[in-house]
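Below, subunit A partners subunit B and then partners subunit C, in two separate complexes.
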Partner chain A sequence: MPDRTRLVGNAAYGWLLLLPAAVLLAAFTHYPAVATLAQSLFTSGTALRPAEFTGLDNYRFMLEDEVFWRVLENNAWYAIGTIPISIALAMLMAVWVNRRLPLRAFVRMSYFTPTVLPMIAVANIWLFFYTPEIGLIDQIAAGFGIGSHNWLGNPDTVLGCIIVLTIWKEAGFFMIFYLAALQSLPPELEEAARLEGAGHWHFFRRVTFPLLMPTTLFVLINAVINSFKLVDQLFILTKGGPDNASALLLYYIYEVAFSFFDQAYASTLTVVLLAVLAIIAIGQFVILDKRIHYR
Partner chain B sequence: MKSGGPQALVQGIENAAALLLAVLWLAPLLYAFWAAFHPPEYAIRFDLLAPLTLENFGEAWEQAPFARYFLNTFMLVTSILAAQFVLCTLAAYAFARFEFPGRNVAFALVLMQLMIMPEVLIVENYRTMSHLGLVDTILGIGLPYMASAFGIFLLRQTFKTVPKELDDAARVEGCSHLQVLWKVYVPLARPTYIAYGLVSISYHWNNFLWPLVITNSVTTRPLTVGLAIFGAPESGVDWSVISAATLLAVAPLLIAFLLFQRQFVQSFMYAGIK
Partner chain C sequence: MVAIELIRVTKTWGSTVAVRDISFEADEGSFVVLLGPSGCGKSTTLRMIAGLDDVTSGRVLIGGKEMTGAPSAERRVSMVFQSYALFPHLNARENILFGLKARKVAKAEQRDRLVRVAEMVGLADLLDRKPAQLSGGQRQRVALARAIIAENPICLMDEPLSNLDAKLRHEMRVEIRALQQRLGMTTVYVTHDQTEAMSMADQVVLMRDGAIEQQGPPAALYDFPETVFAAGFIGTPPMNLLKVEEVGSALVIAGTDGPAVAEAGYGNLVMGIRPEKIAIADGPGIGGRIESCDYLGADTIVGVRVGSQSILVRAHGRHLLPAGSYVHLHWQTYEVHLFDDETGARMTGARSLPIAA
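Moving on to the complex of A and B:
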């Protein structure tokens, strides 16, 4: 009997410890996720007219909304443009920084620095690079006799500009994970390979790269999430323009909710974003399940 | 090594490439330094003899209430960190050392936040904040981040490595659960607290979207939001001054990073592996 009360007491204590965090998580993660779903089925209420249930009307509207499709397409290109290059660069950086290298501490610091700086601040600097005529890129181009170009004002180049900045910002962050993985590999591996006469890159391709696979998966998932979450730079560089050529999903949600004040439609768009994140989460479980032997 | 020539050549080229990339990676920051410390007419003229000046900083400081923004960011970052330490420690202790019904479900629900971060839910969280009367308050910016799934997860992993015998011994000596937590677990988890603390500080120092949404006055705006307004093309401020303001905003974090580089890199690594 006393044992039982002790167990019950323990359980209650456990819940009590969890309670403060649980309340906040429920209020700002679980409740809003569910409320978003509910909100997407109503019209936006105003002070005079309360919100009305409209079923799937918002979704119908969304499917006919050209901007929505544009934004989704942009987001896909943004992901395709940033993820493979920043992962490849991150791997290369980690391999370089992990071996003997002149000025290694300086090199590692340079690669990592963009990570600690706010996106808003670095976007300010990059904005100047991209500015036509007086901007740094155009100045350098002029030196080679190439005419000026409105990098951010042209729908064909604007997303590319955003992608370059994002790669620069992210690669050093991902490098850290590769560096951690590389340092946990047994050094005997490389020694053995060297005795066998295998070159650096041969060794990398055949041994290191496969062993880094779990890290690559982890980084990949983070990179995919980031491609839907990282929109700060748009506020400085383009505001989604010109003509929505650089608008991304989360940025569009922000615009709809806080510039056009259409809460219901913003909720509908958020549901799409949540669905994307859910798919990523499920994908992660499936992949990790299959690759469990790596852990 | 023995084959000498080509191997050494490849090595040399790679080293050069690594260095070149490093310089390229640092270039935007170096440029910001150049522009900020020289008069505006040298913003795009790289002349080694250009006179140095601090005027841009003075101007930036005068044109926007950066002192207030600094204070706001400082209060924001410290209050979030303090709350995260307390809430995450308690929750992590519950998950690591207590048996209670629904524990696994609760843990899965906590981990959901790793995917659905507060910035994704800006629309609904804004509504909640306006119901709570917390729009345009520092607490309103911080609240959604205080119960951090990442922090709970990291600390739980660490607490689980603490030998159960230590816990039992302290209990036998008459310590309460909270005393055990405070005297045994927290001191042993120090590296985790440092790592998590650095990651949290850099995250919230740099965070932008949610603070932008929830603040609308000088008394609450953090540096990032203030800087975005300051740098907007409509404001008509010139490059050198924007560069100076940008450097001001990043200075504390950048200096801390340069001083404690090893610690930063290791913290991010440590937090990433777990």
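Moving on to the complex of A and C:
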């Protein structure tokens, strides 16, 4: 049966083509995920004491861990603070630079610059802004006769500072997606609306905004993931302090894993982080998908 | 009354001139077609009437009022775009009502008008569908409905039928014309299709390279083209435009030695004659050999080689003459148009001669 042989040969050929990618994916994505899940069910092993199976003990410990609840709350505020504002700002900037304006390329580039800079560099720039007495903010404030303020040293303001920096860094990135989406909208739509007597705002609300929804969903999911993923700035600015006031979940995981060397507990926290992200992403797709018009 | 008036309007983009010093009027309730090949400035002209593009110089008057710099929303014009410009996320109803909502027309009034307009364009059952769920012809109707529901006195149409297939195009042509007459809308209609222009227009404005070549009722453009371009653009097949040579005191068709077709003495001329004005005669005439016969049903387009020129003849009924057969062509002197070879303009002084054989 030559047909059958050829079919089998074809299948083998196909699998061989897939193999390099499949190996990489399995080795660096699937295996670590499964290993993390497994590790979260054991104690942390040392040279003297091998890891033991403890079931859900790590999770029980987590529920009683005050720091965990603190960083989770911080992370929630961080997400609520960064996501809506950076998306709104991105949309606004995109609509603005999509118009015919002088030095358009320059303006677009300026908005995009924060995205190109590494987060570590950005954090250093902002460190200079926030520094008490000699920092940019305090110097300007002093000009108006306002006293110095330790922006990053105060538990009440530190998270806000981190949020502002993150918005500044992210909005330009999201803007690029909106700009691309806006440029794919046919210009006749706006002309038709103009002839019908629709003002800029009416057009934006009734046409541009709904037609940008697929982009918004994409950006939203990215923004949510980033709000759990972007913690580089903490290393430069606050190290999570003061008193964990600016610590975020991923930063806490890093500390647990590499400062306290508690691999098992870090794995537990990681599993929770992944679960939270998965639930949010699925929720977004389910809820928003029905209301979005895809072309 | 004049509904739209353009006075010496020019539009330039940098150093390119899109529209060059054009003037024309559209009477109230009339159907004016801007006709011309692509890139002749007809769409730009329409967009300047709509206020979507600014005029570089000149004036635009709408309903007798100065509207040269006025925003589109104030001009009280509707427009049907070539791409229809329907909002893809809104259903037909919302697309049609878009303008009324933007202008905050009362709800009850919106409902009344929607029912009336949907009925008029035959969309009553399709109002809940989104544009992607409608066929090309139905989308066209939505665009049309959106244009007429505003009850603006003026409607502008930019090649509205070019995305439809031939049969539908013919149907919509008739419908648009009927609708326009019923509503008494002044309509400016842009097209490159001379059939549309001939069948729909009260007034045709023929454009070329940004300037007006000729304007007038369709019959005037057809029967009395002012230029070689107008003669060659209108009619299917278009007017035969033949090179003529001077032999003695007369002009003959290039490559022949007679008979004479026109008097000489007016410089280099081009002779034009409509295919349907030529008879394939048994008797006296200009001799030529059959090149081709395209049978179209009601008539046959016969290609005849005369001297160095090809002449198309529209013969009634079916004519299947073998290629190479020898025939005589005959026409009346008053059917001959003579144009200056250099300027392309009609030569009014030159006279054509009866074909003697």
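By our rule, the second predicted complex is superposed on the first by the 285 of 295 C-alpha atoms of A that agree within 3 Å, B and C clash if a C-alpha of one lies under 4 Å from a C-alpha of the other, contacts with A are read in each partner's own complex, and residues count from 1 in each chain.
Keep in mind that, in the parts below, a contact is a pair of C-beta atoms (placed from the backbone, for glycine too) under 8 Å apart; a residue touches a chain by one contact, two chains touch by 3 or more.
A quick note: this is a predicted structure, and the numbers were derived from the prediction, not measured.
Undergrad: Of the two partner chains, subunit B (first) and subunit C (second), which one does A:Ala193 touch, if any: first, second, both, or neither?
TA: A:Ala193: touches subunit C, not subunit B.
Undergrad: Which holds for A:Ala281: it touches subunit B only (first), subunit C only (second), both, or neither?
TA: A:Ala281: touches subunit B, not subunit C.
Undergrad: When both complexes are superposed, which of subunit B and subunit C contacts more residues belonging to subunit A?
TA: B
Undergrad: Tell me the contact category for A:Ile140 with respect to subunit B and subunit C: first, second, both or neither.
TA: Touch status of A:Ile140: no partner.
Undergrad: A:Thr113 contacts which: subunit B (first), subunit C (second), both, neither?
TA: The first partner, subunit B, only.
Undergrad: Would you check which partner chain A:Ala88 touches, where first means subunit B only, second means subunit C only, and both and neither mean what they say?
TA: Neither: A:Ala88 stays clear of subunit B and subunit C.
Undergrad: Is A:Leu63 touching the first partner subunit B, the second partner subunit C, both, or neither of them?
TA: A:Leu63 sits against neither subunit B nor subunit C.
Undergrad: Taking the two structures together, which residues of subunit A meet both subunit B and subunit C?
TA: Comparing the two interfaces on subunit A, one with subunit B and one with subunit C, the shared residues are 199.
Undergrad: Across the complex, what residues on subunit A touch subunit C?
TA: Contact set of subunit A toward subunit C: 186, 188-189, 191-199, 202, 206-207, 210-211, 293, 295.
Undergrad: Taking the complex as given, what residues does subunit A use to touch subunit B?
TA: So the residues of subunit A touching subunit B come out as 7, 10-15, 17-18, 20-25, 27-33, 35-36, 39, 93, 96-97, 101-103, 105-122, 124-129, 134, 136, 139, 168, 172-173, 176-177, 179-180, 199-200, 218, 225, 228-229, 231-232, 235-236, 250, 253-254, 257-258, 263, 266-267, 270, 273-274, 277-278, 280-281.
Undergrad: Quick one: in the complex, what on subunit B touches subunit A?
TA: 7, 10, 14-15, 18-19, 21-23, 25-26, 28-29, 31-32, 35, 44, 86-88, 90-91, 93-95, 98-101, 103, 106, 109-110, 112-113, 115-128, 143-144, 146-147, 149, 152, 177, 202, 205-206, 208-209, 212-213, 223-225, 227-228, 231, 239, 242-243, 246, 249-250, 253-254, 257-258, 261, 264-265, 268-270, 272-273
Undergrad: Which residues of subunit C touch subunit A once you look at their complex with the stated criterion?
TA: Those in contact with subunit A are residues 50-52, 71-73, 77-79, 81, 83, 85, 87-90, 98-99, 101-103, 130, 132, 146, 150.
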